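Each structure below is given as structure tokens.
Paired with chain B in one complex and with chain C in the other, chain A is shared by the two complexes that follow.
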Partner chain A sequence: MSAPVLTRKICLLGRLAVGKTSLVRRFVENVFDERYQTTVGVSIHTKTLNINAQTIKLIIWDIAGFEQVAHYQQYLRGSHGVLWVADGTEPASWQKLLAIHQNHQSIHAVPGVCLINKHDLLDQWRIRNEDIAHLQKVFGFVLFSSAKTGENVEQGFTELAKRLLKDQ
Partner chain B sequence: MKLPAVLKEYLLHHRAQNGHLAIAFDKDTFETLAVYGAPEHFGFNDLEPGKPVTHIHPALETETFDAPFQLSFLNLKPGLVCDLHYVTDQQQHFILLLDRTDQFDVISRHQQHSHNVQLSNDYFKRLIDELTATQARLYKANEEKAMLIAMLSHEFGTPLSAIKGYAELLEKGKIPADKATSVIRRNADSLVNMIHNALQYGQLHAGNAPVNHESFSLQNLLEDLKSTLQPLADSKGLTFEILPISMPETLSGDRYRLRQILVNLLSNAFKYTACGQVRLVVDGTEKTNVTFRVQDTGSGIPADKIHRLFTPWVRGTQPQASGTGLGLVISKQLAESLGGSLRMTKTSKSGTEFCLDVPVQTNTDKTVHSMRPEKLKNKHVLIVDDDKDILYLCQLLLEDLGLFVVTAHSAGDAAELFSRRRFDLILTDINLADGSGESVLDQVRAHSQKLPVLAMSALPHPKTVERLLQRGFSAVIPKPIDEQTLVDELSKIFPEQR
Partner chain C sequence: MNSESDKIKQLLLADELALLQQLREKVLESEHFSEAVADVLATATQRAWKKDPAYQASLAKPIGEGLKTALKREQRSIIDAFVPVIGPMIRASVSASIKKLMADLNRILELGLSPKAIKWRWQSWKTGVPFAELVFLNTVEYQVQHAFLIDKDSGLLIEYAGHEGELARDKDAFSAMLTAINDFVADTLADDTGSRLRSAELGEYQLWIIDGPRAYLAVLIKGNPSERLRESLQDALDKIHFLYAEELANSDQYGQLPPVRLELEDLLITKNRQADDDDNHTGLSRQKGWIAALVLMALVAWGGWRYLQHKKQLHNLTAQLKHIPGFVLQDIRSSDDGLLVTGLKDPLADLSVVRHDGVKFRLRPYLSLDASLVQKRLQRLSEGTALQARLAENGQVTLSGTASENTLASLRRQLLAMPGVNAVDSTQVTAPVSPWQRFLSRNPVPENIQATMTNQQLTLQGETSGTQIKSWLAAVTQAFPDMAIDTRHLRVLPDKDALIAAINASVITMPRGTQITAEGKQSITSLADKLKLLQQQDPRMAITLTGSTDCTGSPEANQKLAQRRAEHVKQALVQHGVDKQRIQTDTKPCASGPARLDPALRRVTTKVIQPAEGHLP
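The block that comes next holds the complex of A and B.
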């Protein structure tokens, strides 16, 4: 008999335009769009993964960039995990991420993975080793990703899913 | 169906102009109990009692319904956005969907616009950051250049005034010629060394100084150092010795850089030693490196200078007045460029020791021995240079080595000469008044493909050297001409005959 499907809610958090929607679209539909269309409110997608003979269904909450103060609090409720997203070319994006983390003690307990996105833009890459080390300390696990090339997108979501399985 | 009172009340506060849907459900089984409003408007055509309410949207799949909640702007399907509320009076439980598409469209446009503005601001901010950083870099580079020039003017001043002073004394006949010439010679050598340092510094900083790999005789290099620096030792009444300990015969590496470092270290040692001796200990016991220790019996380095021995200047201060100048700075950089290291290993009132470590592969196969000058005897050489003094100097140098020398002042004279006579070797300056050394080369090549033609150039850039060699010159000799360099080059051109 196969194990029952585990359904888990994860939220993508990060500053505007870091690529949250793009990461989800790459992960779920395997597409990428250069155009920027901002997310208002929340857009929810699902994807089922098989990890070590376990089936896990991810309910992926792609939340609008954190510019609308306190607007997002309602979406975080009951989240099992967080995908923290920064943009390696924009310093404000990881500062924002650290600020969000600091202001939301409630999600410190759930597993998290941090993606530093847009790694295809190497000539504009601005994040320094000390920033990365700091993010590593705060979020535990950091990967460079690119929604454009697909680099580490699957790996990022899978890594978070593995942590959710362990966290059961 | 008639709307339950709790919903009616709720809807008064949350108006939905475009439509709403309410689903009553059982909190324990999540089963749909009743449907109010317009399910088809939201695309739920088959919503019936008995079906789990959580199926209407994945957002509900992990819900526990432990407290009332509301989700704004839930993207339900393309073109339809709603607010989702969980409404309860503890007995009854409802999921309420309110169509918010119109509001969403307005807010979307607004948010898109403000985010686009924000992104251009970000972009300009990054641009400004980059410009500021570049400006700071340029400012620093400019400041360093100014410092370098100040330091060089200062460094050059001392030997130049000595040369000028002694030349005047000599002219007035107030000093014996040999005394004056030895002082002039020593100061000119030190000036040349400073110029080499300054050039190396510039090249290392521009990152375009290729490291040479060639075989050379270490013995030869040490003899060269001894003869170059002995006059300096004599002038101060110091003993100068070189002590080799299991020294490899030949080394493979950059002879020029190694020599430059050792000249710098030894010149400093002489400069700061009032009496006693300066020693160079060469230790090749370890097969992988050779260690050069420069030891003096000077009065040591003041404590406040030790920490900035290897920095050319401290920002915001004057270049060190009678400091070590560029010599040590460049030596350390040169040592590192050779994959080695340079350290000060001790300093006290009774002396100082610097230790240079260079990894040098001892060469096993092609060994270049410096030719004994006898091999050059009776060769016929034509020297071309438009500077009379340099021409005369070269002539003396080569005649001293036993060559027959003919001189020409211009490319034209040279052409005239070698059309009439046979030479074994041509030595030409690169910049001539009536053309370039390259035109001399072309004229020679018109007569002979094999005749070696050497170029002389004042401190040539490595790229220039490369170009000249490709052009067909047999070697490029830096001016002012150093006897040893010349002999080494000639020994490559005229291999030992057996």
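The block that comes next holds the complex of A and C.
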């Protein structure tokens, strides 16, 4: 008998315009749109994966980017995992992630994966090796990604799903 | 000292010490202690359950673990034990579905062709609103069509009941989004009392949200529900929290909680509108009247349909029977258990095409002269022979193929006795060829030989060469290994080449002048025989006789002697019956050499002249 389907809630956290919605669309629908559209509130997507004979359905909460207001907190309730998204061309994006992580102790127990997005824009790439090492230390797993080329998008989500299964 | 104090203890506390000893035995001896605990276990458990919630919680885990272990080890027994419990639940679920289906059917039947239904159909036709929609609007107050039980924190769907596929294709996304909206509304609009979204409108649906401590209930309702529905939904949610608190706390079980799903299915209720006041006093009787009329109409329609089917079957069967060769339909009528067909049937008529349930036959045999059946009889009659029989329209049978005279005569007699046959044409029939004749057509008898076959014995007469007759006899022996061959009257002649060689080797010596020795005379006789044989085989053959001499004597004398020797042998051959026209003479006297006697050169030699090289015609 096959194992029952597990449903798991994951949230995408990141500053405005780091490419959260593009990553989700690339992962779920395999499309990329150059036009930027701001997410209002939250948008929900679902995707089913099969990992080591276990079917897992991810309920992906694509939370709107933030500047000051910590509106994301309400959406994090009951989340099983977090996909931290930074922009490799924008230092403020990973500094913000580190600040959120530091300020919210409850989130430390939740499995997470950090994607440093926009890796296709190498001419504007500004993240340094020591920044990456620090992110690695804080979030445990870091990948360069590009929603535009699809680089490491599926791998990032799949890695998070694997961590959710380990965390069962 | 000790003994005194013991005595005092014994005097003062004898009863207490005895009781203490009893208690000690009860507590310290496990068997006694078990019995004591067993006496109060049931009562103690009941009291602890009522008094102490912590006791209830503490039992949950070991009982759960115990059940898991039992499920692994005693699966079959547990399934058997649960069947009586789960079976009724499943039956109840199926029964609820059937009841809903019956309710829908009843509603449609009740409406049937009533004036109200006709009015709604008219409205539907005029407005384009589907008839089913109008029926729903006019007869149903509300209907709960979908029920979602959703984790309040994560927004994950715990269980769902409803009409799959009609709405909310991705129920998980719907649950999450509804939770997000609820959170958003609560966070941005509500006051500090924790108020949350209670309802929303989605087209013709109303979305109601019933809040609970761990999970909330979202139901989609079509129609106009009353607040009493909210109360019953709230009760149902409370019941779910009470019964399945542990399951609701474990997100791994979400989507796999059939008992919770059954609870949700109980919420999918339909509340019908009360009958209109106008219809109150007469509605029921009218409905009954309509139902009776409908049933009557259905019966009449069914009867008519059956009658038409019967007529159609009768018509088809009659048409089929009339086209079967060798069958004469006399009557066809309905009987108790189907149709009875009466008729005449030729033994060769094939009724299998109409043999099916419900048709019985009463048949009498007769002989049909239908051309196809006569042809069938012809084929049966000619089976086993190499003849084909073909019937023409005028009743003449044409035979073709091979047959012996006896076979043909017998067949003709039988054919002419057959009804439907007027004449027999056998001009196309040929006599069979015997194997011996077939052999001779491929291997003709050699020239000058007469072969006669009588009673499997072959008699050969005549003269022929050895080569020809040997190869022919080999072919005969191969084709007919058991045949007896009489060759007493067969004369086998030497071959032409052998004769020519023998003739060319012939030498007639003449030791003195033209005198022939006895040996030479035998040689001439033998030569004459060979020449005659050769000319029998080929009359164009001729020979040259060459006379020779040794070198004694003058050349002129030798020339003359050589000529005389050749002529002498020619005369002798002619005397033996050789045609003199086929004999030439020549000389080969000694031209030069030592003048000494040489008997070997005093001779006549012979040489055959082949037609191509010869001078004679």
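The rule is simple: the second predicted complex is superposed on the first by the 167 of 168 C-alpha atoms of A that agree within 3 Å, B and C clash if a C-alpha of one lies under 4 Å from a C-alpha of the other, contacts with A are read in each partner's own complex, and residues count from 1 in each chain.
Going forward, a residue touches a chain if its C-beta (ideal position, glycine included) is under 8 Å from a C-beta of that chain, and two chains touch if they have at least 3 such contacts.
Keep in mind that what you see is a predicted model, and the values were worked out from it rather than measured.
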Fit or clash - chain C, chain B, common chain A: clash
Partner chain(s) touched by A:Pro4 [first = chain B, second = chain C, both, neither]: second
Touched partner set for A:Gly140, first chain B, second chain C, both or neither: neither
Which of chain B and chain C A:Gly65 touches, first, second, both or neither: first
Touched chain A residues, chain B compared with chain C: B
Contacts of A:Leu16 with chain B and chain C, given as first, second, both or neither: first
Touched partner set for A:Thr38, first chain B, second chain C, both or neither: first
Stretch in clash, chain C with chain B, out of 1-9, 181-189, 397-405 or 469-477: 181-189
Touching both chain B and chain C, residues of chain A: 7-9, 41-42, 44-46, 57, 59, 61, 71, 74-75, 77-78, 80
Chain A - residues contacting chain C, complex: 4-9, 41-42, 44-46, 57, 59, 61, 71, 74-75, 77-80, 168
Chain A contact footprint on chain B (complex, rising order): 57-59, 61-64, 69-75, 81, 104, 107-108, 111-112, 114-116, 118-119, 122, 126
Footprint of chain B on chain A - complex, ascending: 7-9, 16-17, 36-38, 40-46, 57, 59, 61, 64-65, 67-68, 71, 74-75, 77-78, 80, 89-90, 92, 124, 126
Chain A contact footprint on chain C (complex, rising order): 151-157, 170, 172-173, 176-177, 180-181, 183-184, 186-187, 251-252, 254-256
